[in-house]
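Next come two complexes built around subunit A: one with subunit B, the other with subunit C.
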Partner chain A sequence: MSNGPFGQKLFQALLRIDRRIIFLVIFLALSIPIFLGLRIDITVTQEVRLFYNSVEALSSGSRVLLSFDYDPGSEPELQPMAETGFRHLIKNHIKFIIMGLWPQGPMQANKALTRINEVDEGFLVDNGDTLYFGRDLLVVGPDTIRYGIDFINLGFQAGNELVIQRMGSSIRAAFANDARYGRPIDQFPIMNGLNKLSDFDLVINWSAGYPGTVEWVQFAVDRFHVPCGAGNTAVQAPQVYPYLDTGQLSGLMGGMKGGAEYEQLTGMRAKATMSMVSQTAAHIFVVLFIVIGNLAYFMTRGRKKEGRA
Partner chain B sequence: MFWDTFGIWIAALLTIGIVSFLYRDNPVYKFCESLFVGISAGYWFVSLYYQNLLPKLFDNLGITKLLGLSQNDGAFQHIFSGHWDGRIWYVLAGILAIMMLLRLVSKIGWISRWPLAVVVGSTAGLYMITYFQSNFLSQLQNTVIPLVAIERIRALPSAGMTADQFFAAYLGNLVLIVGTLTGLVYFYFSKEHKGALGGAAKIGIYFLMITFGASFGYTVMSRMSLLIGRLYFLFGDWLGIVR
Partner chain C sequence: MKREIPLILTAIVGLTFVVQFFVPHYPMGFLADMFSDWFSIIAAAAIWLGALNLMRVSAEKIYKREKDRFYAGVTIASFFLIVIIGFFFSGGRSFQEPGTRFDWLYINIYTPLMATMFALLAFFVASASYRAFRARNAQATVLLLAAFVVMLGRTPFGDWISNVLFLPEGWGIANLSNIIMNYFNVAGQRAIMIGIALGIVSTSLRIILGIERTYLGGD
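Showing the complex of A and B:
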């Protein structure tokens, strides 16, 4: 590479580049693929396959606890996973119990159910005048699920990891009533025989921080020996990877890429898959900027030293 | 329908207002930021009251019944009628909460250290066991792995693994062991990092840097995902030009 006067000027200009140009490039890299509707092949990693297999291994009628531990701020990363998770469980005739250690978590679950209702026509429908989403939900289509029988929303419970600890000995001590009707959970058939955490066949945790996957591993997995799979924001994923190697987590999805891999495995390609071209394009530009920035820095550093001498 | 559309417009305008900071600091950004801070504070205040104080303290003790705000009996009503109710212990939590608030009174602010001590002590006790089990013992156990296991090499054809997969797995073991040991050496400060110890510590630094790099990469990925989510909102939900 030339390090003559022109090269020097070019590198110095690159070091002084207005950061708004970088923002603009990233904006274009993210936006253009959205409009073009491009798709790329997604390689499925072992950790996501483990998660998928842990759900596939469940028999029809198994009961899974879904803990929604995130808020709208993490929706782009975790909502696609949650939607695919619902579709996957419903398709395999697995019953699910929704809860949240974050106040907005159970609302995100409702939002995901509403969304799959809109996208998968006839998946969730009203039944005449009395049934509508939010009160007496009836889910029909190729797979029919009913509130209180095939799924239930226990809502949010304050107390962070102590809620998990309490559920270890008694679910009713932590959640006396359901979130939709405020009725005692014993009135719903899905709760028959579900007394403590170890009665669940699997715990799935969608997590954006504290309390989240770390707490579920520490309390539910290590103390009460319930298998747990998790979907995490990309920021949090490196923190929980060690739990995967030890088998404390039965599977892990990290960020939107993890969601896209899950969509690939279930054959239900949705938002995460659609976003992968944008994400890849942005990553390419970030790597380019890092390489160019370092190159320019090292190429001009020698000249500065010479100047000082 | 109107309110849905209205909400989308408000969300879109606020998103653009916040993003405008990328161009330069401006009054619109300041307004959006202040609005966010104020709404967050209000939301959390209401959320904590209705999800903690009201159901756990006031309802359980029967204060809401005393004030005529609830039909359900609490601990006070049961105890006054001659029946024991274990929820009366919530009184202790209430006292600790009031003691915590006393830090607002400068002369007796020292009392707030007592409930703080209870919180610190109970949290430390709770986590001592869980972290020891989940983050220390389990991780340590997983680091004690064979570098080479001859019997498994012999069993390769029946194990369903190709030679490449097998050696990749063992290379992973080697990296894990070397990374753990050299990382620990780097944090050993009782002896000067010279000679073999210095070399090992230097390798440890490289492992740490790669770890930080991986974390940074994931963070970049996360932020891009959030931006993609906002772009889908702006182009799809707001403008309706993408599905």
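Showing the complex of A and C:
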């Protein structure tokens, strides 16, 4: 490549480029696809298919424990998975019990349930004739689920992995009351026969760090032999890949791409699918930036060596 | 006795958890359950301890008129706002439910603030990659190439470019990305996991046996 005075100046300028220009390019790469509503085809990976299959394998009426172990910082990656997860479970008539090892987790669950209730042509039924209160009846697409019968929110419990350990011998010892009304969980029909962790048919963990998937595998899977599927942030996913290979995890979704693949499998294309073009564009630009940065670095470094010689 | 009693408690609790993992029957199972309940109570109290400590540190900054006292004031005001609204104006026990004032604050203030903090990462990662991610030597070049393959392979663009370049079946960027994640990454992560586990075992033993005492504080 020609590296004359003009080229040299160009490469020097590239090395000193104002970071605000990089910020602007990334901003445009992320935002333009969102406004244009662009879509892109997604290939489904084996680990996401395994997760999907583990839910599909459950019979109607099975009970699944959903642990929400993340906060709003990880919402763009994990909330689409959680929403699709709810839709998937509701569509297959699977009952679910919500909890959180992170204080914000159960609120994220409420947020996801409220959203799918509103978006899927559902509505919050508000009449006093339902089993408990009006807001306990959620309509999601063609299905209706009732609080205490089809789902329940146990809330947050402090104690990290020791909460999982305690649930291994007694769920009631870890969560005596539900989070919505503060009533003993025995009053809710969904909890009939659910005494310890191994009574669940599946544990699903949405995780952004500690405590999260690693702890669920080490305590719930290894100790109490409950199958566990997980959705992780893209940063955390590489750490839990070893558990997939050994069968300790029955499926794994990593980052927004994992969420988009799950949406594709369930046929419920939503937020993750819509955001994939933005993420793809951002990745391409980051790669281009690295290539340009290296090119400029090597071109100017060669000239410096010549100068020194 | 200030040091001996915590050391004895630590030894009893630590040994109980180790033994009950292999012998979960009475009385070890019962003791482990009891200690787990104690831990939950202590962890819940620690949340309040942390909150009170945050208030003390922030109040000190304001009292001493330090440089960051404005932010300390915002911290204290935000803390009391969310605590008072959560406790007294959000329906009591159901304060986290959709539609409460606490939920409004969570959705409209807390969530956007957290999302903004983490969204900034995308911009800083791009800028840092441009400036610092250099193929200075063989190892850095391998890391760089692996990063390219995984970054592109984890997006639909990887499939597209593989088709455009007529890459043979099994050699597409997405497949290469999966190979890196499922083999190279897993091997590395296993090594790290085993190393960490051995470190935890040795440190735990030192703590249970009272050899490691730095967690007690003091000299």
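To be clear about the criterion, the second predicted complex is superposed on the first by the 292 of 309 C-alpha atoms of A that agree within 3 Å, B and C clash if a C-alpha of one lies under 4 Å from a C-alpha of the other, contacts with A are read in each partner's own complex, and residues count from 1 in each chain.
Just so it is clear, contacts are C-beta pairs under 8 Å (C-beta built on N, C-alpha and C of every residue); 3 or more make two chains touch, one makes a residue touch a chain.
What you see is a predicted model, and the numbers here were worked out from it, not measured in a lab.
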{"item": "When subunit B and subunit C are modelled together on subunit A, clash or fit", "value": "clash"}
{"item": "Touched partner set for A:K271, first subunit B, second subunit C, both or neither", "value": "first"}
{"item": "Which superposed partner A:R166 touches (first subunit B, second subunit C, both, neither)", "value": "second"}
{"item": "Which of subunit B and subunit C A:V44 touches, first, second, both or neither", "value": "neither"}
{"item": "Contacts of A:D245 with subunit B and subunit C, given as first, second, both or neither", "value": "both"}
{"item": "Partner chain in contact with A:F219 - subunit B first, subunit C second, else both or neither", "value": "first"}
{"item": "Contacts of A:T114 with subunit B and subunit C, given as first, second, both or neither", "value": "second"}
{"item": "Contacts of A:I34 with subunit B and subunit C, given as first, second, both or neither", "value": "first"}
{"item": "Subunit A: partner with more touched residues, subunit B or subunit C", "value": "C"}
{"item": "Subunit B versus subunit C as contact partner of A:L10, first or second or both or neither", "value": "neither"}
{"item": "Superposition clash, subunit B versus subunit C, among 43-51, 79-87 or 151-159", "value": "43-51"}
{"item": "Common interface residues of subunit A - those touching subunit B in one complex and subunit C in the other", "value": "23, 26, 30, 73-76, 103, 158, 162, 223, 234, 238, 242, 245, 254-255, 257, 279, 282-283, 286"}
{"item": "Residue ranges of subunit A touching subunit C (in the complex, touch as defined)", "value": "17, 19, 22-23, 25-27, 30, 40-43, 45-46, 71-76, 103-104, 106-107, 110-111, 114, 135, 155, 157-160, 162-163, 165-166, 169-170, 173-174, 179-182, 223, 234, 238-239, 241-242, 245, 254-255, 257, 276, 279-280, 282-287, 289-290, 292-294, 297"}
{"item": "Subunit C to subunit A touching residues, read off their complex", "value": "21, 29, 32-33, 36-37, 39-40, 43-44, 46-47, 93-94, 96-99, 103, 106-107, 110-111, 114-115, 117-119, 122-123, 125-127, 129-131, 133-135, 144, 147-148, 151-152, 154-157, 159, 174, 178, 181-182, 185-186, 189-190, 193"}
{"item": "Complex contact set, residues of subunit A against subunit B", "value": "20, 23, 26, 30-31, 34-35, 73-77, 103, 156, 158, 161-162, 217-219, 221-223, 233-235, 237-238, 242-243, 245-246, 248, 254-257, 271, 275, 278-279, 282-283, 286"}
{"item": "Residue numbers on subunit B that touch subunit A, as the complex places them", "value": "22-23, 47-48, 51-52, 56, 126, 130-131, 133-135, 138-139, 141-142, 211, 214-215, 218-222, 224-232, 235, 241-242"}
